Structures are given as structure tokens and as C-alpha cells.
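Here come two complexes built around chain A, the first alongside chain B, the second alongside chain C.
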Partner chain A sequence: MDGGIAVLGQVAFWGLYAGCIYILLATGLNLIFGVMKVVNFAHGEFLMLGTYVTFFFFVISGFNPYILLFLSIPILISVGVVVERLCFRPILGTGKLNEIFISLGLIYIFQNAVAMIWTDEWRSMKSPFADMTISAGPIQLPLDYIIIVAITALILVGLHIFLHRTTTGKAIRASSQNRKGAMLMGINVERMDMLTFGIGAGLAGAAGTLWAVSGQVFNPYMGSVPAIKGFAIIILGGLGSIPGAIVGGLAIGMVENFTAFFLGGSWKDAISFILLIIVLLVRPTGLFGEGQE
Partner chain B sequence: MNPRNLLSRRNLPFAALLVLALAMPLLIGQNMYFLTILVLMLIFIIYSSAWNFLTFSGQGSLGHAAFLGLGGYASSLAAVHFGLPPLATLLLGGIFSAFIGLLIGVTCVRLREWFLAMVTFGFAVIIQTLVVSQLAPLTGGWDGYAVPKLVPSPIPGALSIEYYLVLAIAILVLVLFWFILRSRIGLALAAIRENETEARAAGINPVPFKLFAFGLSAFVSGIAGGLEIFHFGYITPEIFGIDLSFWPVIYSITGGLGTLAGPVIGTIVVTLLWDGLSIFGLTYARFIIIGVLLVLIIIFLPRGLISLPEEIARKIRGRKE
Partner chain C sequence: MRLNYLVYLALGVFLIGLILAAGCTQAPAPGGPGEIKIGVVASMTGPASTTGKDIWQSAELAAEEINQKGGVPVRELGRSVPIRLIQGDDESTREGGMKAVTKLITQDQVNVLVGGYSSAVVSAHQAIVADNKVPYIISGASSSAVSRRTDLDTSYMFFHRPNTDDSAEACMDFLAEVFRPAISAKFGFSEDRKLRVAVIYQDSPFGKGQLDAVRALITAKNLPFEIVAEEPFKMGESDFRTVLTSVKAKNPDVIYAVTFLNELVPMTQQARRDVGLTTLILAIENNDDPDYYSGVGTYGDGMIMESRFSPYAVPAGSTEAATRKFLADFDKKYGGFAGMMGAATYESVYVAAAAIEDAGSLDRAKIRDSLARIRIPQMMEIMKGGYISFSPDFRESKFELYVVQLAMDPASGEPRPVIVWPDSLKAREFAIPDWYTPGSP
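Showing the complex of A and B:
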């Protein structure tokens, strides 16, 4: 029975690690939703770009891939700012379906631009810490996964400090709480939109780097499903609530890995949607949704 | 936005398009390449019209491939296992798809916008998962199975016959939608789309109408799915893919959302552009071009290509004044 517990512990740890990627995606989506009330279905493309930026610079420079976080985050922030300015600002307030449609266009653009540059083969890269494990009791934990969990925690703490201690961060939270009120207080709300979208994309970029470092395979089309799950998470956890995103991300990561373990790998993607549908059947506005807008 | 007005004003180009469609096989002869493109184009006109019909009720879907695939699997399984002729099983596929569509519709009636988008997307993923795992003994898993052709190829001019068959179904579907939208049902759907609370106040119970729209949309999508796989002669779970869910959305937006002619125009324009670009050997670039086109249309032409003549006329008038 001791072995059984060890296996379950292992699965739980995989869930924790998978949850980290989802948390970063869902937090970004949530920040963007909070400020702009926009849902970006192309968010997964930022994740995908993050993996390719990491992969590209890892191959040409040979740096430790964790250092490349300092490259992928700023690059993705700039991409996010440009996308917001060119695509989302013109359609802000023209109807909720337009955002979904424009994201579809963006998905096609990003996926195929990347496929043109790096082809659409599956790729993967090897972290310098691959094969290293730390044993915690009966469980063998890969060192990379521990670093990834730690980095995610660091990023979230950094984000929290930014949002609560700096003037810009407070301005972002103000725009999120009451857009008109923030405008009246002299906050440039449109600049906050741009900045928030950038930060959201940057978080997805960080998730991309962590995805690549962990040795998971990636191709230009890999982003859609994780992003849509990220979206399912923020519906579960409550639109606009960052603690909800963290709890939801962890929950989905765990549930997925346990389902894959018990029901077979093909159910890994479907289970989060089954969960989502059950929740929405009971509460059509999500677990912590604020009712009709 | 009464569909009747929109149609009568555009009666002439529509009639011209119909004549052109009827004469097409005579014009291009037995050129298999073009005929294949045309057949697929017609199938997608049926499919995106079905998707678009859902938007008349104020609903939407990002997982319509679920119904395309269900129709494809149900009709081909009936054809393979019971030896029924493909043309007859098309109806079976549509009915099965509508049945599942109603079940999904029941979970969706209370949801709006992105919640609806998510749930419909999720159902497509769940159904695909079922098909490749638990139902694999029946469906052949990821490999799929071979299915008979709609018109067996030894018959001379099989592709032309298939073209006219699909054309007839497409016209039938469009006429059906036209009659429904003109009827009291169409008015009720429009009322629900514009404001559900007010529709309720006017004594319209939205639930049966929304379910009707969902079921009919799924039914027609299922028939389109059957047509597609009986054209290719095989079926795989790829039919539930994200791409196939997104195409009808792209076609409808390009042409003009919430109009009957929109998906038709959109499918024709995007398909021609798509296959035109592939002649130049563009593979990934054509996706990018379609993506850019989509973004531009949403920002600058929110009512789709169908409003282009109007918009140009307005610009010219504006300049004169």
C-alpha cells in the first residue's frame, strides 16, 4: 500500500506542476478580463510564442533556459501591447461576440506565422537539470518541476506586490474595479488596458518558457487547448478573481492528472470541460459569478 | 433587420448566382479539380448556414464540428453496418445529430456569450474523446474507417451528379431557413435575439424557440457532415477538430452575420481565396491572409462583405455632400 500512496503522491505532484502553467494562463486572462471585460481566446498563442522564443534563444545562445524568462516575458509583453492596440482597442464595446471572432483571426495569424518560421513539427528541448531528481520520502521529484513550482510562486508574489504596492498597479486595480471612476480620478484607462494586456501576455510567455523547460513537446498549434482550459478555470474560479484563478488552476491540474491516471490519457482534455459544464448547469454565471451584468 | 427585406433587395444577384451554380458543371466540363472544390464549397454553405441559423436566436457555438461529426458517424455507420444507401442514411445522421443537439441545447439555453462558446467547444472535445476511447471498437478510434461514396464512382459523370444532389440539398436548406425566418417562429427568434427579457414580457417563452434553433441547426449540420464524409469516402475523428468548428464562424462573419446570404457569400469568397492561394503554393501564408482578412472585416466592416456595396455607396454619397 506504501507504493500506492507514493504513486498517488507522484500524480498529485504532476497535477501541481500542470496547475502552475494553468495558473499563469488563467491569472493573465483574469487580469485582462478584470480591466477590459474582454476575453482573449488567442491567449494560448502567447503561451505558444513563449515556448518558441525560449526554444529559439536556447538553441542560439545555449543559456540556462530559466534565464530566458527575462527574454520571453518582455518580448511577450510587447507583443501583447501591440495586439491590444491594433486589434482589441478598435472593437472595445462593440459586442461580446466580436472579441471571440477577432481572437479566431489572431489564432490563425500567430499559429501559421510560427509554422512558417519554425515549421509545424513537434519540438522539445532539454533542460540542463533534466534527469536530476530529489527524493521526498517515497516520491521521486524531478528537480525541474520543483524549480517551476517555485518560479510560479515567485511570479505570483511579484505580481501581487506590483498590483498592491506600486502606483501603476493600483491604477490597474482601480480601472478593474470601476472604469468610470478610475477615469474620473485621472487614470488613463486606455493605457491601463494596453499595460494589462501586455502583462497578461507576459505571464503567458512565462508559462511558455516553463512549458518548454519542463521537456514537454510543443508545436505551433499547442496553445489553443491550454488557453481554453485557462478560460474554463476563470469561469470556475470567478471572472476577475485572481485567488479564484490560482485555486481553479491547481484544481484543474490535479483533476486532469488523476483522471488521466484512472481513466486513461485520452480523457485528460475532456475532464475539465465536463467539470465546467456541470458547474455551469448548476450556476450559469460560474461558481463565484456576480450574476447578470 | 427583417430578413425578407434583405432578400428581396438582393433578389437579382441571388438569381444570377443560382443560374451560375446550375450551369457550372456545363461550363467547366468534367474538370475534377474544380468540381471537387465546388462540391465541398456547397457542403460548407450548408454547414455554415446551419451555424448561422443559430445566431438568429441569439445563440452561438464554437463547437459545431460536434454535429458535423455526429452526423457523419451516424450516417456512415448506418450505411456500413446495415447496407443502406448513403442518400437515405443522410437523414438518419441528421436526426441523430439533432437529438444530441437538443440534449446539448438543454444545457445551453441559460448560458450567454462566452459561457456558451466555452460549453459548445467543450462538448466537441468530449464527443471526440468518447469516439476515440470508449467507442473505439465501433468507430475504429483515430484511424476511422472507409465509407461508401454518395454516388459510386463507376457511374459516368458521378461527380456532376453528386454536385447537383448537393446543390439541391443546399437550395432546400436555404429555402427552409428562409420560410422559417419569415414565419412567426422567425419573428419570435428575432425578438429573443434582440432582448430576451422583453420577449418574455411579450409572452414568448424563449426556451422552446432556442431549442428549436439548436436542434434544427444540429440537424442540418449533421446532414452536411454526412455529405462531407460520403464525398471523401472515409471518416476519422479529425471531423470533430477545432478547425472544422471555426470555419463556419469565419465564413459567416466574412459574409455577414445574421443574414441568410452572408454565409453563402462568405463561403464562396473565402473558399475561392483559399484555393486560389493554394495554386500559388502558399500553405501557412494563406491561413495568415484569412486571419488578417477576418480581423480587418470585424474592425472595418462589422456587417460583413454583404454590406460592402452599401458602405461604398455611403462613402461616395458622403464625399459628395
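Showing the complex of A and C:
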């Protein structure tokens, strides 16, 4: 590799890839929080389920794993809808502690269920584009990562169009901005809750597919750490703010990788929370958060 | 107010942390009179769960074999008694290990402990073992800092594994005797050119122990090596792209990787596939596991690994028959081959049985004394002197170590290891892959 700039460019590219996974995870989390004000700590398990759904269908069908996004997203949306209906709707408004303990219970249920079905062995899969690399000067850009960045951008554009151009999307945003007002305007907010939770889970499922396709290993317990970082990102970006989740996810991805490069990999996880503390000290509502509800 | 949500978020994150630190403990299992209870400390969950399962299944196989032969003769009881294994899942964490070992000792009242994998995890529960004076045959925890600590009484702990100094020495000897001359000859380097070694190590006692051992060996043996990079990573890491990019920029001739199995597979894949490294990775013995070969796939072709038990490279000689029988029995029972940690734990159960028979008692102190003087013929792993025994100073057994090189096997579609060092065990010569390029001249 030629020179330090090229090395830094390569590190930035790895940061961009990591940021994409975080963005999808945190956007879903923030969408759910924005509408329902629900804190779902089992959100990382949706990512984990996404990896296994992709892995399972990849093994039995041999399809291009990117095509499997069209399976993993709908399946995870369905899982999200079921979870919302069965677990969160009955306790909505009964207190945050109930939500927290329901989501903690879900972590165990999902982890054990997946371990029972697929065992808790570490798994990985190989993309058909794994050996293809595009050279951008001295920087090596594996094709898979370029596709992952492009897919993430497409999903975010699609989500933006859905939320801003469709009636349902506008209803979701209205529910997020003023739940009572939305109800008075005839919006079925419970339906919006269900839909939003499903979309959030679907985004995490997409993140899971991209995680698996990128060649990273996964097992039933892998969701917790990304979930904790997802929460750090939404606090960093501002609770309920989708632009905040995008900027926060990118920031964490970049900072983690540059920290690993300059200070060593031991600091990679810690730096996310150091950054979070710094941002909260300067701006307690997060980068894009508002002062009040 | 959003502040309230922040408080709840913080509470939730704290509780998730508790979940990560917590574990699934087994229900109390009172043993009947006249049974030998062996606690198996294994990482059944968490980052090291693949190896943990290997440890547990191999221990099960050994106990079954012993029980099928009538159990272990215990003189004080006047009869043979069966072994009952009790699983202690350390969850790949220090806290999980402390909890599991406490339960095995105080609740299950085990006679002996075997297993233990991560140095960090084992070091955290050593004090519990020392306080309760339970014989513990540790088949992992290779860090010398674990076996040679002086801040607590380790007299009940016996280490059936090479320590970090032993495995690092084998690796450095291989690099000096075989690797450096090979690349010098192929690329026409001058005799005084130093071998450029990059060390990527787990940020744990295991990894730091290996790094310290490498540094000390280079100095003590005056090896013509230069450490061009020292890159730590967190235990359980799966994204090594940035660390590997940093290493690539340092132009090493070889990467010395101190990892667990679940780390080495993505590291090797990302090195070759994503970062485009054309450098060989020399890994440590704990990765010699069937899951490594199936996981790493074509990216493992040409890579090298220090080992003492390999599922696919069985050294010819006195241990060959026992090794092949163990592998066949394991495959029959569980479907697939055991790895090195499994073999060491299998042997440890036999060592425990032999010590109990020699002691003629289930008394922990008598079993400890028996372990201290035990001398039984080597089983599958090749021991120095041909016997399993523990050194009088730090109670460590001594192994004949070797180095394997991986080559793609068209039949299985996976790489397979071949012993290339030392001369007494090698099946073929070490070969530099066509894709390899050395570091800066």
C-alpha cells in the first residue's frame, strides 16, 4: 500500500462498512422508539435472527445471499409484528420497567431458540463475490463491502421515501410526533405501532444478512454487543431521530476503526462509549435530539 | 422527559450487562455414595463455545470408556466406582468461571476438576480452587502467568498443556530453523536480514503471555528477528480488518497470531480476502480443531500452525494407534473429529482416574499427592520422555510440539495439515506458497 493516506483511506472504508451495519440497527431501534417510546433491548436478537435466516436459506437454496434480503427482511418484519402484538402491546404504557424486562426475557428466548435449532456453534458463510476486489488507487475495496454500502443507502432512501411520500409513512411520522393528535386525526396508532416495530425488526434483519454476507462469524449470542452499541448510537444521535441514527452509526463505525488503528484493537469497543460520554457532556440530548418531547 | 428515557436506557444497558455476565447453571446433582465426581470446566457458551463443547464431549467419551471397564478401583472403598461428570459452564467469562467453579466445589462437591480453557477465565477462579484445595487438572490456560503465580497456593493445580513459553519457543525455533532460511533462499535475502514478525494477540493473559514469551525468546536466543507490529484485539473480536490493515502497512514476513479458534477463522479470511495480505499466518496450537479447517476454507491454504494434537495430521509412532482410536470413537459418538483441547481433556480425565486409583481414596489431598508423583505412559499427545508427569516446580507436563502447514484437499474441499517440523516428526518439507510475498527487504 502506498503511503499513510492510502492506509487511512482503507481504514475509513472499513469504518464505513461497520457504520452501515450500525446504521441499519440503530435506525430500526430509533424508529420503534420514536413511535412507541418502547425500549427494546432484544433488538440485537433481530440482527442475530437475520444472520441465521440468511444462513439457513443460503444453505438450502444456494441463492445469492443478497437475494436473500428479500426473505430475511419480510421474515423479520413478521417476527417483529408478532413480538409487538404478543409482548409489547399488552404492556404498553404500564411502565418502562415492564418493557425492559419483557425485552430482556426476549433475549433469552431468541438466543435459546436459535441455539436449539442451529446449535451454538460459530457460523460463517461465503459470498459469491468474496474474492472480487476493486482497486481505487492504492485502496482495496472488496466488492461485497461496496455492495453492502450501496444496499444500506438504498434501504435508507427507500425508508425515507416510505416515511415522507406514502400515507402510511406519514401516519407513522404523525404517530411519532404526536400520538394523541394522530389518534384524534383518525390514525390507527396501534396499527402504526405494529408496522413500525415490524419495519424496525426488518431493518435489523437486513443488517443481519449483510453481517453474514460480509463473512463475519455469528452465533446465537452475538446480538447483545451490537445492540448495546445501537443504544449508544441512538443516544449519541438523539432519541427518536433517524438522521441522528445515521450520523451516529457512521461516527461510531469510523471512530471504532480509527481507534483500533491508532490505539490498538483493545480500545475498539470502549471508544464508542467514551464518544457517547463526550457528546452527552456537550449536548445532553444527543447530536440531533430535541430538548423536550 | 427524555431524561427519564435515558435513565431507563442506562438501567436496561446495565441489566443486559448482567445477562452477559450471568449464566445458566445446572440444577444441583447430588451424587450417590461411591461415585467419583469430576467437574468439567468448559466454555459451553460465549466466544469459546466451540472449544468448550469439544472439551465436554471428550471428557464424556473418556468417562464412558472408564465406566465401561468397570470404573476406577478405589482401595478405601474396596471396589471400583464409576465416574460422573458434572458440567461447569464458564460462559467464556471470568465471572462465569468463578460461578461455575464455586458451584462445582461447594454444591456438587466434586472430587477433581478438569478442563479450563482461557487463561483469563482460569486465573479468575484459581483463588476459589486454592481456598477449597480441590485437585484441578487444567488442560488449557497456557499463560505461564497462570501456572507460575505466587500470590496464591497453586499446589492443587496441575497443568496438562504446554505453557506460553513452550509453544512460543516451538514457533520461534521453527521460524529460525525453517521459515527464515526458506524465504531467504527463495527471495535472495542477505544473511543478516532480520525476519520481520508481526504479532496480533488477544488482549488477555493468554495473548500477553505469548507476546512476552516471543520478546524474551528473541532476546535470550539472540534470534535475527524484528517485531515490526504488536497489535492487540479484544477477546471474541470478529472484525480484524483495521488491525490487519495496520499490520499490512508494516510489511511483515510472517504474522504470529495468538487467538482463539473463533477469532483465527475470520482473521485468516479477512487477511487474505478483504485486506489482500500475502503473508503467512503462524497460529497457536489451540486452534488445531476440525472447525478451523472447515471454517477457514481455501483461505487457509499454505498457513502454518504450531500443534501438539491434530485431528488430520497424526504423527507416526507409539501414539498413532491411540490417537486414531480416539478420533474414530469421537466421530462415531458425536459425528466429527475432536480438536486439541478435546484430546487434552480426554487425557486429563484418564490422568484423574489414574491418580484416584493410585491414591486409593477420594480424599482431595490424597488425590493431589498422587497427581504430584504420577507417571503414566503417554496416550495421544507426544510427551517428553514418553510419560505424562508433572514438573515438581510448577506442576506442568511437557510436550513434544510440532508445526503443521495447511494444504487444500480437493476431496474434502478444506485445507488439511501436514507436519513440517521438527525433522523427527515431519511428513514433508515446509513449502512457501506461490501467493506469498515477503516484507520489505
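Here, the second predicted complex is superposed on the first by the 277 of 293 C-alpha atoms of A that agree within 3 Å, B and C clash if a C-alpha of one lies under 4 Å from a C-alpha of the other, contacts with A are read in each partner's own complex, and residues count from 1 in each chain.
Rule of thumb we're sticking to: a residue touches a chain if its C-beta (ideal position, glycine included) is under 8 Å from a C-beta of that chain, and two chains touch if they have at least 3 such contacts.
Note that the structure is predicted; figures quoted are calculated from it, not measured.
Q: Return fit or clash for chain B versus chain C, each positioned on chain A through the superposition.
A: Clash - chain B and chain C, as placed by superposing on chain A, overlap.
Q: Of the two partner chains, chain B (first) and chain C (second), which one does A:I235 touch, if any: first, second, both, or neither?
A: both
Q: Between chain B (first) and chain C (second), which, if any, makes contact with A:I60: first, second, both or neither?
A: Neither chain B nor chain C is touched by A:I60.
Q: Once chain A of both complexes is superposed, is A:D269 in touch with chain B (first), chain C (second), both, or neither?
A: Touch partners of A:D269: chain B and chain C.
Q: Does chain A have more residues touched by chain B or by chain C?
A: Between chain B and chain C, C touches the greater number of residues in chain A.
Q: Considering only touches as defined above, state whether A:V282 meets chain B (first), chain C (second), both or neither.
A: A:V282 contacts neither chain B nor chain C.
Q: Which holds for A:S224: it touches chain B only (first), chain C only (second), both, or neither?
A: In the superposed model, A:S224 contacts both chain B and chain C.
Q: Please indicate which partner A:V39 is in contact with in the superposed arrangement: first for chain B, second for chain C, both, or neither.
A: In the superposed model, A:V39 contacts both chain B and chain C.
Q: In the superposed arrangement, which partner chain does A:M116 touch: chain B (first), chain C (second), both, or neither?
A: A:M116 contacts chain B only, not chain C.
Q: Examine A:K96 and indicate which partner it touches, taking first as chain B and second as chain C; both and neither are also allowed.
A: A:K96: touches chain B and chain C.
Q: Contact-wise, after the overlay, does A:I107 reach chain B, chain C, both or neither (first, second, both, neither)?
A: both
Q: Chain C has the stretches 42-50, 60-68, 114-122 or 330-338; which one runs into chain B?
A: Here chain C runs into chain B along 114-122, and the other listed stretches stay clear.
Q: Would you please give the residues of chain A that touch chain B in one complex and also touch chain C in the other complex?
A: Chain A residues touching both partners: 39, 41, 96-97, 100, 104, 107-108, 120, 224, 228, 231, 235, 264, 266, 269, 284-285.
Q: Okay, in this complex, where on chain A does chain C touch?
A: Residue positions touching the partner: 1, 4, 7, 10-11, 14-15, 17-18, 33, 37, 39, 41, 96-97, 99-100, 103-104, 107-108, 120-122, 124, 126, 130-131, 133, 140, 142, 145, 215-219, 221-222, 224, 227-228, 231, 235, 239, 257-258, 260-261, 264-266, 268-269, 284-285, 289-293.
Q: Can you check the complex and tell me which residues of chain C touch chain A?
A: Going by the criterion above, the answer is residues 1-6, 8-9, 11-13, 15-17, 19-20, 44-46, 49-50, 53, 203, 231-234, 237-243, 245-246, 248-249, 261-262, 265-266, 269-270, 273-276, 291, 295, 297.
Q: Residues of chain A touching chain B in their complex?
A: Those in contact with chain B are residues 39, 41, 87, 90-91, 94, 96-98, 100-102, 104-109, 111-113, 115-116, 120, 224-225, 228, 231-232, 235, 264, 266-267, 269-270, 272-274, 276-277, 280-281, 284-286.
Q: In their complex, what parts of chain B are in touch with chain A?
A: 60, 62, 107, 110-111, 113-115, 117-119, 121-123, 125-126, 128-130, 132-133, 242, 246, 249-250, 253, 284-285, 287-288, 290-295, 298-299, 302
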